[in-house]
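One chain, chain A, appears in both complexes that follow, with chain B as partner in the first and chain C in the second.
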Partner chain A sequence: MAGATRSRLVEGETTATDAVAGATVGLSAVLFVLAVAAMFERVSLTETIAGLPTVALLGGLLIALGVAVIVFGVGSRLGYVETEPDSSAGLIASFGAAVPWLVIGGGVASETLGLGVTGGAAGAVVVGGLAFVATAVPREDVGSTVPLGALLAFVGAVFLTGTIGPAWLWDLGWEQQASITAEFLVPAATLFCALYGGWAAAKAYGRFGARGRHMGAYVLVYLNALSIIGFLFVLIAFVVVRGLPGLLTGVQVGAGVGPQVFGSFELPVSLPFVMNGVALLNDFQGVLPAIVGTIWLVVGAVLFAVPLGVGAAIFLTEYAERGRFTQAVEVATNGLWSTPSIVFGLFGFAFLVPRFGNRKSLLAGMLTLGFMLLPLVLITSREAMLSVPDEYRDASAALGVSKWQTVRSVVLPAALPGVVTGVILGVGRIAGETAPILLTMAGGTFVPGAQTVDVVGGFEFTGSPPFVANPELLQATSALPYQLYALISAGVGLGSNVSDPTGFRWATALVLLVVVLSFYAIGIGARYYFRRQLRHE
Partner chain B sequence: MASATRSERLNAAAGQQVQRVRDFVDDTEPAALIVVTLIAVSLLTAFVGFLAVSNLTVLPFLLFVAATGYGWARHQEETALILTLTMTVSTLLILGLIIVFIFRESIPVIQYETATVFGVRVPGLRMFLQPNWDAVSPPIRYSMVPMIHGTLLVTVIATAVAGPLGVAAALFLSEIAPAVVREFVKPGVEILAGIPSIVYGFIGFTILSPWASDQFQTTGQGSYLFVGIVVGLMALPTVVSVAEDALSSVPESMKSGSLAVGTTDWQTMTSITLPAAFSGVSAAVLLGVGRAIGETMAATVMLRGVPRLTEPLVNVFYGQETLTSLIARNYGEADGLQMDALFVAGVILFITVLVISIGAQYIEWRMRSKLGGEA
Partner chain C sequence: MSNSQRTHSQSQTRTRTTGSDQPLETTSGETVEETRAEWVEYDFQGEAKMVAEDLDVHYGDDHALKGVSMEIPEKSVTALIGPSGCGKSTYLRCLNRMNDRINAARVDGSVRLDGKEIYQDGINLVELRKRVGMVFQSPNPFPKSIRDNISYGPRKHGDIETGLLARLLGRDDSDAERELVERALKQAALWDEVHDRLDDNALGLSGGQQQRLCIARCLSVDPEVILMDEPASALDPIATAKIEDLIHDLAKEYTVVIVTHNMQQAARISDQTAVFLTGGQLVEYGDTDQIFENPRSQRVEDYISGKFG
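Let's look at the complex of A and B:
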């Protein structure tokens, strides 16, 4: 807890009881890992682990965990283990125990005993109700261990006796055919049982009572946070591992192998995947047009949204009095922020496309993404300006300067870090958006390298209004997220253009991820930097 | 009575506004006033020209640029004011334009799908009375029922994933995690929000869908269950960050008071922090629901793209189509009424999410005024 000092007043010695409870928590952790591994078929259900069939091993471990939990609870009730239990385990624990028993009761009554839907419902209510009562009525040490321990032992016995073996199958009998297989049920049931067992064991480790519940809850909350971070790492690592081979095809390092930039200077690296377009005669195909398209999209959206958003934020914080108008703008901004991206796409399609030559164009894509970026910029800039202390403004006003001068030379510089960070994070978000550009900007699946947009060189002046034209801006082009979507939906037809379609797709995903995440890395890094600067002041 | 006082109040407010404008006119030099008026009028003309798809739009726009440049050099104070004001108004304007344009496009199909109930002709009702979508062979019907069913299933599953996990993660970040751990986990959650939806969709399409099809022995690939789980993971960061804001806005004194009585951290959380921040946390879950409803690309790539109901309705192992994926999949070959029907799907999405957003804001506003903190 923030602000509270952590200190352990009583440093108890580790006793045998602690060791047993700790080992039980450890056992549930092992089961959890095994279940996850089996879920993703890292561990096969039909084979053996250490000489034992996998399902039987899981069953045995579950029974051991269940028995350990029960023994701990009963031992505490009989006074062999010193604990501080409350009079009841409480409603949340009771519901927690009732739900799995409800499912088991319903399943057994309706399917195993063949009593049908009504019988299943009755069985579910009876068994679930019993579990609820068994948790809620006895003292906490029994209530929070025995029903859960029995659950674990029951599931373990079902696995161990082979009632649910590796070949078990439950056809749901639906019109659109679907079945629950052992392949899914065994790991899923083990996963939930491991969580319940770990929860009960952690409560026991904390000696029940307030401390026990604290311990039980912390185990689950920490596990949740750990899983989220773990999921993120697995996701990124997975894309990197799958994408690298495709990205690195034909890579060359050495003087003069790369394409020419800035006239005659030749890059010492040649990475065809990001330096080539798609052409018939290319040795290696690449996604250069999509990368350039993404860059121009982001530039256009930022040029449109940042001045607009920051200006509106200035008006709202510095000039406007709080009232109906500011409230309406706030509601509208938050509404825009949560509007689905595909709706922005539809809007761009109905509003912008007919106004820019009635076809998909880079400019329409830029503006659509700009509309999406605007609320983000407005919200973050406003927060940054509101957090500038009023003393700054008062001090500046006391010097006799006008309001705008105060804004320009005091408020804006002080709010700049927040604005910049917000803009960068917002850009990361829109750079990965597919849905809006799908309807407003994107062209074919493969864009030849010769069609890489050159916005700066595309401007030309004309004799009639609107006097300035830029065909490059009014052309459909590609961007990384759209490229990936097009590659996925093109399916088999890809083979004629690219030698290794799967590798090409993963490499595109990797490049997209790298582009987007580097915006995030810069944004988060900038915030960290600015915060440290503030602390040093 | 109520209406009378309301109109009086409105009159008073309008009077105040007029007074403020009058004060502004009185206080400003005539030259600056002319520049400001020129800026406003030229921008308005340019906007009207843009709406009317006129080639001459550029003329008033150039005038606007010139007037702004001159105003910036000579009367910076007033120019800055009028510029920031127009920027604010344009935010409102964009929302208004979105409403006008997506509604306007959807009108023809709403008229086409008129149904008669109890002798009353209700435009658009037939889209919700029967579950048949057929854009090719007569009778041509554009029913929204299968897509609403799909969106509902996906959203329910996504909320079941994102709600509990998100609130637990928010508790961890705001109350439990040591500072060092938070420095790592918080950016992690932000990065999770940054992973593009098409990347999630791609992994779901290549890895998850075949796996799920194998596990549940379904015919073909694509299930609402796994789209729901993926969309739930994508909505997770929204829930975490909004809920964390709500939890950390509970005054420290309330928590310290509870801890001083001798409770554990967990007791303080369940009996003080969570109840106090309850409305903020529910707003977070609500915003997560909004994100889940609007998620497009993962659903488009992972679903089957056949607009019909699953048999039976609770069969989550088959995934047909959601409102968002309908638009993304069909915009290409659609024209005429079918295109307009896509706009109807957009209107349903837009209204639902807007209502959710306003509801969440109202809940947050009530929580802030209850806790007595400043906005």
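Let's look at the complex of A and C:
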């Protein structure tokens, strides 16, 4: 009986049953990975893996997984496997099993059997209801395995028999001519089935009952977390693989091949794509002006927004009394953060551009992005300062130290990691913004290397107030997101002596990714440094 | 100065009540109003360092402290005991105007430090809090190095100048800082434990060490009065014993006022004890020995013997 074994404190040794259940969980993980790979076309559905057609392989694995799960559940019910199941699998599991069967029932009834809409609905309700009952009514070991195992086996059989093959297509018959292809359906179905199979297998591995549910939930959330890392990895890999050839065009390594920096020092590497601009006589064209433009853009926006945002946060947390005014500021900040970036761009275009020489300029872009960054810096700085314990403020006040000095010497250092986190998030957003730049800053797409913006060198003294001028800031320049947009959407500048336009685009995307991730890395480094200062000096 | 505090318990101490010759309060509620009118007074030899008179504190509508008047003798340990919510911490925070930091708090009455009213316009809060330091219930060192924790106050007050500008101007006080840190840590009996790791973060110290560091930080600005709000309540018995020894030593040079929940602690370390009871009243104030052995008030006796509160 289930109750008899519950009081057992020490589990038996790892048995063959454990090994089988564990292998089943592993099998579902393999299926999950395969499905993700197929989704992103890393695995081709039309080709073969280890001599087997991909779809058939997926089908076979699904059947194996389904049968294993069912065998485990039935074996447990018949007493061959020692488990501690509850009396029912529960409502969530029942709905979980009912939904995919509902879809299958509807689909088979209306399409395969040709019963139309009414028949489809009836089939969906009948099949889904059966799955619900089959999960909810029997004891947990059967309820949580048999309907799901049958689902896996069914889907696997559909794939294995070729009912749905690589060339399968379901034309929805809508006006938009939408259709569901095998390329989407097979990976998606496999993904869901792998999740369900992993869930059921993990429950079995935990011997059902409370421990089984814990294992099931653990596997589900673990696979979710894994998929996030997986998606990021796939995305980066995708861009890197496609962008690398374009990036490395004409690369040379050796003494004296690179351009001169810092006076006469010659870099030992020549990477034309990131070191050149565009010129008629260049062997290889590059995006240096856009890279420099992006970097200056972000630096300018941060220099503008951080002091303003942190200052406002200090006022709101340390000086202002909680009341209508602070609430109004809060609402305004959140509203500003939710404002679409194109609106910021329009504002810059209509307000800033006419005031800076009536043309698109780096300065206008910086300020526009600075306005965008401001609310996030304010929100996160405020949160960070609110989380600084009041004990620090009390201790400082009890020493007779004034409020401002307390803020400067105690509150701000303690809040810095949080502030930096906010800046990281904000920079990640603004560095990739296209719309505001489009309207306020971007000039040409293929910018000649000679027009690379040189903000530091651009400062010059003048004889009359304000005594300082910087024409570089008032130049239109390019930035990577805008350049990418223009290259892809409009094909601007593709006549300019680029041998491989597609490679050039992907390489631009790769460089943009690298630049944004570099800012991210710098931010994380800064946060780590400030945190260390707070904890172990 | 004088060693009167060590001797006053032998001298005759007289406790009088004014305003009423009624028998003292009982645990019943009806007499509570009467006790309000009483002037709980305690005569001692030596100077009064701080005097509170008719002190009322309201937090919004909550009347937290009701007409408390008491004198705190200098260079001694005064313990404030009483059940939770009886106003003893509120009273303590009146003595260096920390209640100003609570928006809803309103303080009426008078507190004098060396005869000078601290609740008046134009009072220099910086100077007041330098002279009347405070140690809090839970250790709250800054997330900085041990050295920086100690030198924080003097630096902010401009007593010590370090850093690039000071060095450029030839006013580097690094030596003075070193001496100050050493002196404060020695006073707080922490020097032997941390002298070889002054640059470590203070949050790496144990709870008891952190609390002694907070006492050292308080001593760094050379206070005259040290207010302690249950300084040992978050510590284990050994750390508590160290803090108690430290308080005993500090009383030779400083006026210590300590709030505690622990009656044994009050009996061990204090020269005089004030008992606050529910409702924010000061019920009895006198020699510690007298309060614990022969309280005049039935409520105080009940409280001390554990029947109430």
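The rule is short, and it goes like this: the second predicted complex is superposed on the first by the 392 of 537 C-alpha atoms of A that agree within 3 Å, B and C clash if a C-alpha of one lies under 4 Å from a C-alpha of the other, contacts with A are read in each partner's own complex, and residues count from 1 in each chain.
Note that contacts are C-beta pairs under 8 Å (C-beta built on N, C-alpha and C of every residue); 3 or more make two chains touch, one makes a residue touch a chain.
Not measured: the values here are computed from a predicted model.
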**OP:** Could you tell me if A:Ser402 is touching chain B, chain C, both of them or neither one (first, second, both, neither)?
**Re:** both
**OP:** Go through the superposed model and pick first if A:Leu336 touches only chain B, second if only chain C, both, or neither.
**Re:** first
**OP:** Considering only touches as defined above, state whether A:His214 meets chain B (first), chain C (second), both or neither.
**Re:** first
Original post:
Is A:Ile180 contacted by the first partner chain B, the second partner chain C, both or neither?
Top reply: first
**OP:** Have a look and say if chain B or chain C is in touch with more residues of chain A.
**Re:** B
**OP:** Could you tell me if A:Gly432 is touching chain B, chain C, both of them or neither one (first, second, both, neither)?
**Re:** first
Original post:
If you stack the two complexes on chain A, which partner ends up touching A:Tyr319: first (chain B), second (chain C), both, or neither?
Top reply: first
Subject >> Common interface positions of chain A, toward chain B and toward chain C >> reply: 402
Original post:
Any idea which chain A residues touch chain B in the complex?
Top reply: 1-4, 41, 169, 174-181, 183-184, 210-211, 213-214, 217-218, 220-222, 224-225, 228-229, 231-232, 235-236, 238-239, 307-309, 311-312, 314-316, 318-320, 323-324, 328-347, 349-351, 354-355, 371, 374-375, 378, 402-404, 407-408, 425, 428-429, 431-435, 438-439, 464-468, 481, 484-485, 488-489, 505, 509, 512-513, 516-517, 519-520, 524
Original post:
chain A touches which residues of chain C in the complex?
Top reply: 96, 98, 101, 103, 125-130, 133-134, 136, 138, 140-145, 152-153, 156-157, 199-201, 203-204, 214, 217-218, 221
Original post:
Across the complex, what residues on chain B touch chain A?
Top reply: 13, 50, 53, 55-59, 76-77, 80-81, 83-85, 87-88, 90-92, 94-95, 97-98, 101-102, 104-105, 165, 168-169, 171-177, 184-185, 187-199, 201-203, 205-206, 211, 214-219, 233, 236, 248, 252, 255-256, 259, 263-268, 287, 290-291, 293-297, 300-301, 310-312, 315, 317-318, 324, 327-328, 331, 342-343, 346, 349-350, 353-354, 356-358, 361
Original post:
For the complex, which residues does chain A have touching chain C?
Top reply: 321, 389, 391-402, 405, 409-410, 413-414, 534-537
